[in-house]
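Only one structure is covered here, and it is reproduced in the block below.
Order of writing sets the chain letters: A, B and C. Residues in each chain are counted from 1.
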Amino acid sequence: MQKLQAIGRRPIYVLVFLVGIIAFLWPLGLPVSVQPDTLTVYKALDALPAGSLVWFGAEYDVSTKPELDPQVVAVFHHLFQKNLKPVIYGMWLRGPTIVQGLVEPIAEEYGKQYGVDWINLGHKPGTSTNLRLMTSNITEGAAGVDHFGKPLANYPIMRNVTALDKASGFRHVVIAEAGTPGNREYLGIVVKEKAIPMSVATLTMSIAENKPFVVAGDFTGQIPGLRGAAEYEYLVGKAGKGASGTDAQSLAALLVFGLVVLGNIGYLTSPRR
Amino acid sequence: MRKEFPMLLTVVAALTVILSQFFFHIAEWNLMDVLDKWLNVMWGIAIGLGIVNLSVVHGKKIMRRAPGFYNSVVLLAILYVYAILGLWTTTQGYYHAWIFDNVYAPLDSTVFGLVAFFITTAAYRAFKVRTWEATVMLLAGMILLLGSAPIGEAIWADWAHLRQWFLDIPNAAGMRGIVLGIYLGGFATALRVMLGLERAWMGAMGGR
Amino acid sequence: MSFDFPSLLSADGAPVWAAALCTLAIWTFLIRDNPIYRLAEHVMVALAAGWGVGYYYYSYIHPVITEELIGQGRWFYIIPIILGLFLYTRFIPSVSWLARYPMSAYIGYGAGYYLAFNAKPFLSQVTASFVSFSQPAFTGTLNQIVFFICILASLVYFFFTISKERPAMGYASQLGKIVILIALGAHFGNTVLYRYNLFLGRLSYVLGEWMGLLQ
């Protein structure tokens, strides 16, 4: 029994691979129930009047793509289904580039035109400095150009938009965030100063630390990681990578649980305890 | 000149933000907009710092023929070629975007995913019921682990509710204690910076 | 179920092969540290640093210089540009102190920003802690009472300047420790799943897009 706590790291690595392979090749097809956090975000966006501007903060990098991409895709399906107008921006260098790649095919699917129904302001230098400037003057903050370096004045969607505030038509902020800068900057600068509600598409890792803000009502809700993506996909009726990922996640969770149990049995039966 | 002026600039920048935020008449001067814009321009100029730093570090490695210096040669070559390609074709250029999507993105996300292996072995080796405190943490961890994946609900229908309760009540309360501490620590540090008590940011010459 | 690799030389297949080989190169680290992994690591760092140059230039530096500085005659932008260039003096020891000027502006802004923009979120956390016990359902009331007690206990745990020898403080501190351990345990459980999600994302790419094993 004591040997149970002496499994080497390589057999564990092999097990991790095997579990992943089995989960993908023979999916369990377990259903995912929609939890209140995700549902609150869905309802908040669903209640917005058509044509409202939604600020989308692309605050992540390629390292967290597997977790956040499915959430972004599901949210944009919803935004376009409701005829909302997303304005993408990123304090993270590569965030807007990643989101641009994800949104283009979805926009095409719904017949949405770049510059008319949605726009990408891109990433601009500065983190909180630039976000604050955006709440005062978007043209200054964006240096007058979008993600592609083209003048903002060319785009109809920006015609009456001067700042990230309610007067310009922004009704909600959604951010896909992987850390700092992220929700705390938006909370201080946009939610509290401009009174625009914010929902957060977050990493599974950040669910627990975001909870005090969700409970306090500072965030409207949070889409919790890959599971949240699966829940949102279900709500918008677009199955995607969230649903397939959570299936594999289940076996991975069982593996870690099993290993911890084995390690503890080995520990408890050890005479040297 | 070397120390006093930067200290003064620190106080001026901090006061500009604070006064603009708390006094309506000062806010009307739009000093914050000017300061924000200037800092952004400075930030934009600073983009080359990382490249200069990498060039210095890896250049030295190559000059010394340090072990694995050929990797540094590859690094510098790719760095400059990719940067020039970006300037030539923009980041939307076919080859630039191709490399980003099919080389950089997979490398980066795989590196982050590697931690799954290490965290599994770490959980197996270290997550033991050695003390009652460790047991509490282990139980909370396992409830969340299984509850966050659909398997929890497959085992027991109410597992998701249990997970949600743990997240909303004890977790939110514990995290709030931590969050309040972080905010208070941040306020104290900001005040120390403004009062010139915190000088670590001045670097090695901070004392002089 | 059979393997269905894309053609290496096709326009659709080459990117998949490149991405899959990059993934495998990083995974070789699991066997041991090796030259393939080292090379992949250096390539990654080079691409990460090189990527931003073109992006920053076209999306910010070029429009600021051509449109705002020259076009609109905002010549005072010369000042932040010079201050920005001062950052590079860090590499020249005799004038490296000049780098403190731009740094001092950032640090000062950061300090002011923290005090000015985090006061409301902080107060919001404080006020949200004083929850109403009057809830429609009994379980709701019970939850709010437990929540309130847990917050108080976790705050007591962080008071290091008061004696914990008095029974009330001692018990409160112990309860606070449990609450914080639950929060940290929850964080750990979620972190494990998060890391798996990143790994499984790559594995699904290798099995699906590259090997053609997934439908």
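One rule holds for everything that comes next: contacts are C-beta pairs under 8 Å (C-beta built on N, C-alpha and C of every residue); 3 or more make two chains touch, one makes a residue touch a chain.
Note that the coordinates shown come from a computational prediction; the quantities given were computed from them, not determined experimentally.
Student: Which chain has its C-alpha centroid farthest away from the centroid of chain C?
Tutor: Farthest from chain C by mean C-alpha position: A.
Student: I need the chain pair with the most C-beta contacts, please.
Tutor: Contact tally peaks for the chain pair B-C.
Student: Of all the chains, which has the CA centre nearest the overall CA centre?
Tutor: Measuring from the global C-alpha mean, the nearest chain centre belongs to C.
Student: In whole angstrom, what separates the CA-based centres of chain B and chain C?
Tutor: The computed centroid separation for chain B versus chain C comes out at 5 Å.
Student: How many angstrom lie between the CA centroids of chain A and chain B, rounded to a whole number?
Tutor: 17
Student: Provide the C-alpha centroid distance between chain A and chain C, rounded to the nearest whole angstrom.
Tutor: Their C-alpha centroids are separated by 13 Å.
Student: Using the touch rule from the top of the page, what residues of chain C touch 2 or more other chains?
Tutor: In chain C, 30, 51-52, 55-56, 58, 60, 64, 109, 113, 117-118, 121, 125, 183, 186, 190-193, 195-196, 198-202 touch at least two other chains.
Student: Any chance you could list the residues of chain B touching two or more other chains?
Tutor: 35, 37, 39-41, 43-44, 46-47, 90-91, 100-101, 104-105, 108-109, 111-113, 116-117, 120, 123, 138, 142, 144-145, 148-149, 167-168, 171-172, 175-176, 178-179
Student: Multi-chain contacts in chain A: which residues touch at least two other chains?
Tutor: If we look for residues of chain A contacting two or more partner chains, we find 13, 16, 63-66, 97, 124-125, 129, 132, 148-149, 204, 207-209, 212-213, 215, 225, 249, 252-253, 256.
Student: With touch defined as at the start, can you tell me which chain A residues reach chain B in the complex?
Tutor: Within the complex, chain A touches chain B at residues 5, 7, 9, 12-13, 16, 28, 30-33, 35-36, 61-66, 97, 101, 124-126, 129-130, 132-133, 136-137, 140-141, 148-149, 204, 207-209, 211-215, 224-225, 227, 246-247, 249-257, 259-260, 262-264, 267-268.
Student: Touching residues of chain B toward chain C in the complex: what are they?
Tutor: 2-3, 5-7, 9-18, 20-22, 35, 37-54, 56, 68, 71-72, 74-83, 85-91, 96, 98-117, 119-120, 123, 133, 136-145, 148-149, 165-181, 183-184, 186-187, 189-191, 193-194, 201-203, 205
Student: For the complex, which residues does chain B have touching chain A?
Tutor: So the residues of chain B in touch with chain A come to 30, 32-33, 35-37, 39-41, 43-44, 46-47, 90-92, 100-101, 104-105, 108-109, 111-113, 116-117, 120-121, 123-125, 127-130, 138, 142, 144-146, 148-154, 160, 164, 167-168, 171-172, 175-176, 178-179.
Student: Of all residues in chain C, which touch chain B in the complex?
Tutor: Touching chain B from chain C are residues 14-16, 18-20, 22-23, 25-27, 29-30, 38-58, 60-61, 64, 77, 79-81, 83-85, 87-88, 90-91, 96-97, 99-118, 121-122, 125-126, 129, 143, 146-147, 150-151, 153-155, 157-158, 176-186, 188-193, 195-196, 198-202, 205.
Student: Along chain A, where are the residues that touch chain C in the complex?
Tutor: Chain A residues touching chain C: 10, 13, 16-17, 20-21, 23-25, 63-67, 93-94, 97, 122-125, 128-129, 132, 143-145, 147-149, 184, 187-189, 192-193, 203-209, 212-213, 215-218, 225-226, 241, 244-245, 248-249, 252-253, 256.
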